[in-house]
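Next, two complexes with chain A in common: one pairs it with chain B, the other with chain C.
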Partner chain A sequence: MAHQVTVAEEQYVFRPETKRKLFILLAVGVVLLVLGLFMAMRSSGHDEHGGGHAVKAAEQLVASADASAASEGHEAGGHAETATWLKRLYTTLWMNNVFFAGLGIIGLFFITIQYAAQAGWSAGVKRVPLAMASWIPIAGILMLVLWFLTHHDIFHWTHSSLYAEGADFDPIINKKAPFFFWPLAGGTFPIFFIARMVIFFGVWYWFLLQIRKNMLAEDIHAGTSYWHKNQVLSTVFLIFFGVSSSVAAWDWVMSIDTHWFSTMFGWYVFASWWVTGLATITLIVASLKSAGYLKIVNSNHLHDLGKFIFAFSIFWTYIWFSQFMLIYYANIPEETVYFIERIKNSPYSWIFYTNLILNFVLPFLLLMTRDAKRQLSTLKLVTPIIIVGHWFDFYNMVTPGVMQHEGGLGFMEIGVALIFMAVFLLVVLTSLSKVPLIGKNHPMLEESLHHHI
Partner chain B sequence: MQVSSSIRDPLITGGKTVKDVSHDISRHVENKPANLWYLAMAISVSLLAYGLYCVWMVLWNGIGMWGLNKTVGWAWDITNFVWWVGIGHAGTLISAILLLFRQKWRMSINRAAEAMTIFAVICAASFPLIHMGRLWLGFYWALPLPNAFGSLWVNFNSPLLWDVFAISTYFTVSLVFWYIGLIPDFAVIRDRAVVQGNNLRAAIYNALSFGWQGGAKTWMRYESVALILAGLSTPLVLSVHTIVSMDFATSVIPGWHTTIFPPYFVAGAIFSGFAMVLTLLIVTRRVFKLEDYITIYHIELMNIIIIVTGSIVGIAYITELFIAWYSGVEYEGYAFYNRVSGPYAWAYWSMMTCNVISPQLFWVKKIRTSIVATFVLSIVVNIGMWFERFVIIVTSLHRDYVPSSWTMFHPTMYDIGEYLFTFGLFFTAFFLFAKFFPVINMAEVKSIVKSSSEKTNQDASH
Partner chain C sequence: MDADKNFIVGVFDDEEVLLTGIEKVRGNGVKIHEVYSPFPVHGIDDALGYKRSRLPIAAFLFGMTGTSIALTMQIWMLGYDWPMIIGGKNFASLPPFIPVTFELTVLLSALGMVGTFFIVSDMKPYKWPRQFDIRSTDDKHIMAIDLAKNQSIDKTVLGKILKDAGASEVNEKNFE
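Now for the complex of A and B:
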């Protein structure tokens, strides 16, 4: 090369002040959660009426709400009813775990895309998504544990009475049984479903370990061989991810509304995860920059991250609109019930519209100009909006299917979200502090240093 | 300063200089065409003439000349329409989206790809126009114009009308974008004509270049216009096939109404567009001896796009099949069962083989860097994409809700003739373009001669 720019080695120090702040956040989350639980339990007397009210409300939605009314019927008969407050807790735990699992997975996805596409600009920021990906194994274990803890409340299809002849028999769900229970009979142990969960997280984690190993080895032994090895690994990962991300979305989110289906759903969840992940990467990069780290990252690189967020906010909206509009236009009751339940009931209704404002209108307007994408201040404003916006998106994907008309958004949900956020950041920042902040031997580093747009 | 990492392959080989670029590309405009060109033109024009005869017969006698029947009211016409529109995606994708992603390899291929886009969209538009039957009234069917036909007014709820808006806008912007790109190159040909003393050519290309002088200020304005057009084209290129997919997906026909259609159609369009670009460019680079500009590496990269989009389409097929089963909707389930094993199963399996299985061969480096294999597979992909549209359209329609209406579709010579008409039109236009316009964007290629040519990379490694 014509001339070398020396790159100072950087190491992120996870300072006690930062840790303390995160523990305070964690404590606030716990307090809110306890408060929320207490309040929800107090109002449990109201809940008994609430249950009956919900059934009535569902019946009012006539044929279009057929599915949900039927599911309420199932729960009323036969199963030990879980208290509403506990159901709410389960729902928010599951929803937050799916949301944060996505951030980890997108960390790995971002890195693999950079390798597969031979991207040069991003060489300086790659350690941030790498650190985010360290959440993958934790998310996997949590997912498995939570499934065993909460499945009867969250996944309607786990009730064995649906598959046996009797009042609860559901011919539609019975037909779907092999997707969950194969090779066993419907209503037994969902071995196929669990196997997929374990395999997905296991394979993702394996790829993470391999790719991370090569990235760190490159720091010590210069040369392009590690880059080429990672390119191959990344390509194979992306093939696996292409299939597993869609199936994961069907498993962990779509099957909650067991009767409902949409071919777009896999890509919808992916689009939501992806733009949230990009916003999180950018927010962490911007914060590191403000703290004096990442000297080689300048406004040109921020501009690229900003463009990614801008473009994929629009992409998410495109997917959202395509799914919504086609279902709305064709007006088939089995499909529209999903949106009717979300548009007509509290608190889903305001979240339904808020979702579009936070995830489309605001990022679209705020990141429109070139300057906005190049400033730390605007990026630090827009990225939290998107992260919160997509948290609402996942809230509305998960909650209505579980809680029906009893869903709430209060201290409990906010508290659990804060706990997840604090623990996620503790894990990610610890992981970030253990490796050099910049891959000094990255073959694209020179391009990244001379990146002007 | 532009820096290229040493792991990147060179985009221009043969140690070309800026002057070589002007010469290698302009000379095809300046020289007399080869005999091969005359032969190719003769075949294209004959196809066009025969096609025009068939189109004339359809316009004179009516749509009954086609093989459509009461059950299958849409068949070859819309299959060919969607097929051509899909092909018309690669050009703008290369020039706009790859520009936004700063993919320098687009520079050698964008000109020809954009030309192909424009011709493909014209071919596509001919099908709905002719299907209108009384073409001379088409303005009133398709545009919201005040008229004296009583209550005749366009239906704004119809995706077919959205198509009219989307495709006409897309066509306009693509044409402007393409022409703006040509302006500095026309000026190069004019300047060379002045030196060569060919006054007629100098005058024509001067007019075509709007008297371009290439001052610094002009270039500055020119580049902002190009960027604005790229920004406009990006949503347009995605919207066109999105809306085409909605022609089907907004309905309640099993096999058509599925939410994944918009992005899946866009991916399929890019897939077929790149296949057509490869088919054309592999021939062009050989005939015009442009191997140093359109290198094997370019071909390899386009093949990688084909793998990616082909696999996305594959995931969409599997998703559709899965949801058809998972949904428990009997009609949807039957539509797919019929596709896979019904009387049109041969079309379905042709589609699967050509679109999903054959592109996977490109995982092998030897195959994706082989000219012959790429050429063959690029044609296979476009056959597959034709079958995809045929499968979606005809197999979904031919099994009506009422079994007594069940039937098959048989094309007449006029269905076939109109398809040939578009081939004649497309190739006539493309060969004229290849002769009279510079097939590679000289101005853009010159901008990377320094940083991405083989020579520079060798210098760097020493």
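Now for the complex of A and C:
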């Protein structure tokens, strides 16, 4: 290891102009949110209230068992009904938090698979996902706070009347009670669910701190020992992540449609997070490159990132189709209700098809050729399409289950998404500006410099 | 191809020398017939000035052929020729056709690529490849120069160019 390469040290400067642009984005988001809230408040006064629509639709489409799953508003029992506009706000907050939490987690996941695979090509870009991962603690705190704020409206299974003898008793959800409430009885405090949330974010964050510490120590004291330490940490993290990412998907997304389940769902959410994360990493790398940073990243490295995005767009489609195909073919009412809510006679059907066009057709065709993957311009065109596309994907996973036919996609949803995006970028870019942009003592740096495909 | 029978062959020991050697030889206006190496050498395509292969285009076209055949076959069979009710679905419904369509796309593009590659590379049964120097399968890099295509340069000058470019030996090779 005597041979040392010298690369120009780089430090990202978070300039005030960039910061101001992000604050403008934040302000636009807030304005849109207020406008959207105002409009939703006015229009919800005219609507006939409650789950009337939804019950009717569900009965039409699913003759028997599942009407109660799709009619949350119906069984509210003794509680005061939450206004539609507030429910819409809760839904979009939850959905955006799950989406952006994924971007943070994928930052860490990307770094760990590079270590576990002993990858050399990515040595120059690792600081970008590292900065993205700094969103993990914020996402965790937000997730916990939002859960306590919104759980009654978003998660049907939190209603205690489902577990007690009476008109609302639901034998299917009652059977699932231990998954949420263990060791307590169904309908009390979901200690198992909350513990999982805290443990997942806690463990992810702990791994992030350790790996970041080693990466930064490597900058000061050269040598391969930090790299080896990180390789061990990464491998252990990946084992934990394999389980926790799936369970997180069941907890935070799938349990909204409490009756329904899909064995593909953990993978589906992971695939969506992963390809969005890859697109975000690539977009940030491409933007840094355009701004004159990351001189050691050339079209060969972009090609690898592009291949990653191309491949995992197809992977996501594969998972999407596997889930759809099984449910379509088996045609069991408890399962098909999920897609009926989203396709047939539904306000979400345009999102359902847009999702496929943005996340499969466009990336597949635009990134197919070698040249497209090697150019900044095409990558900068395709990555925003994928990020927006998977935002639609998460919207379609969360909203129909909560809002039934009353959900919307207007100023409120766009506003909240812009607020999340602005804050996410502020956090990520601040974190990026605090450490050197290139790990100059990374043992694989020379391999990365000579990377040629 | 058969007209090319007389070659001058340079033997190189080291791939770094070979890479710079190729540039020196081409810099002298010599057209290189082919370079043989026992292992893949990074950057040799660029050094030899090879254009990118058009095999991906062929693969895409073969793939699209597979997609069309699969969809046409299934829609015709199950939708028109012999409609059958399966699981209460429409006769010609797209989702169940996707797996077959995917498989046929992959199959035809793979077989088509292999076939195209064989034809383009002139690989066929009972074709005996020319062996310029048996050591190219062991530890030497072999650069073959076709004399018929470099008639403006004298044979001895070619030998000198190869030597200057770093060849450890220079031989002549004539095929029957």
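The criterion applied here is as follows: the second predicted complex is superposed on the first by the 428 of 453 C-alpha atoms of A that agree within 3 Å, B and C clash if a C-alpha of one lies under 4 Å from a C-alpha of the other, contacts with A are read in each partner's own complex, and residues count from 1 in each chain.
Keep in mind that, in the parts below, a contact is a pair of C-beta atoms (placed from the backbone, for glycine too) under 8 Å apart; a residue touches a chain by one contact, two chains touch by 3 or more.
The model shown is predicted, which means the values in this text are computed figures rather than measured ones.
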For the three-chain model obtained by superposing on chain A, do chain B and chain C clash or fit? clash
Would you mind checking which one, chain B or chain C, touches more residues on chain A? B
Looking at A:W227, would you say it contacts chain B, chain C, both, or neither? Reply first, second, both or neither. first
Looking at A:I239, would you say it contacts chain B, chain C, both, or neither? Reply first, second, both or neither. first
Name the contact category of A:R15: first (chain B only), second (chain C only), both, or neither. neither
Report for A:R370: first if it touches chain B alone, second if chain C alone, otherwise both or neither. second
For A:Q118 in the superposed arrangement: first (chain B), second (chain C), both or neither? first
Partner chain in contact with A:E447 - chain B first, chain C second, else both or neither: first
Give one of first, second, both or neither to describe whether A:M264 is in contact with chain B, with chain C, with both, or with none. first
Where does A:Y329 make contact in the superposed view: on chain B (first), on chain C (second), on both, or on neither? both
Both chain B and chain C contact which residues of chain A? 325, 329
Where on chain A is chain C touching in the complex? 321, 324-325, 328-329, 331, 368-370, 452
Of chain C, residues touching chain A in the complex: 42-43, 52, 56, 60, 87-88, 95-96, 98-99
Chain A touches which residues of chain B in the complex? 1-8, 100, 102, 235, 238, 242, 246, 249-252, 257-263, 311-312, 315-316, 318-320, 322-323, 326-329, 460
Counting only contacts in the complex, chain A reaches chain B at residues 1-2, 118, 120, 171-172, 175-176, 179, 224, 227-228, 239, 242-243, 246, 250, 261-267, 307, 311, 314, 318-319, 322-323, 325-327, 329-330, 332, 334, 443-444, 446-447, 449-450, 453
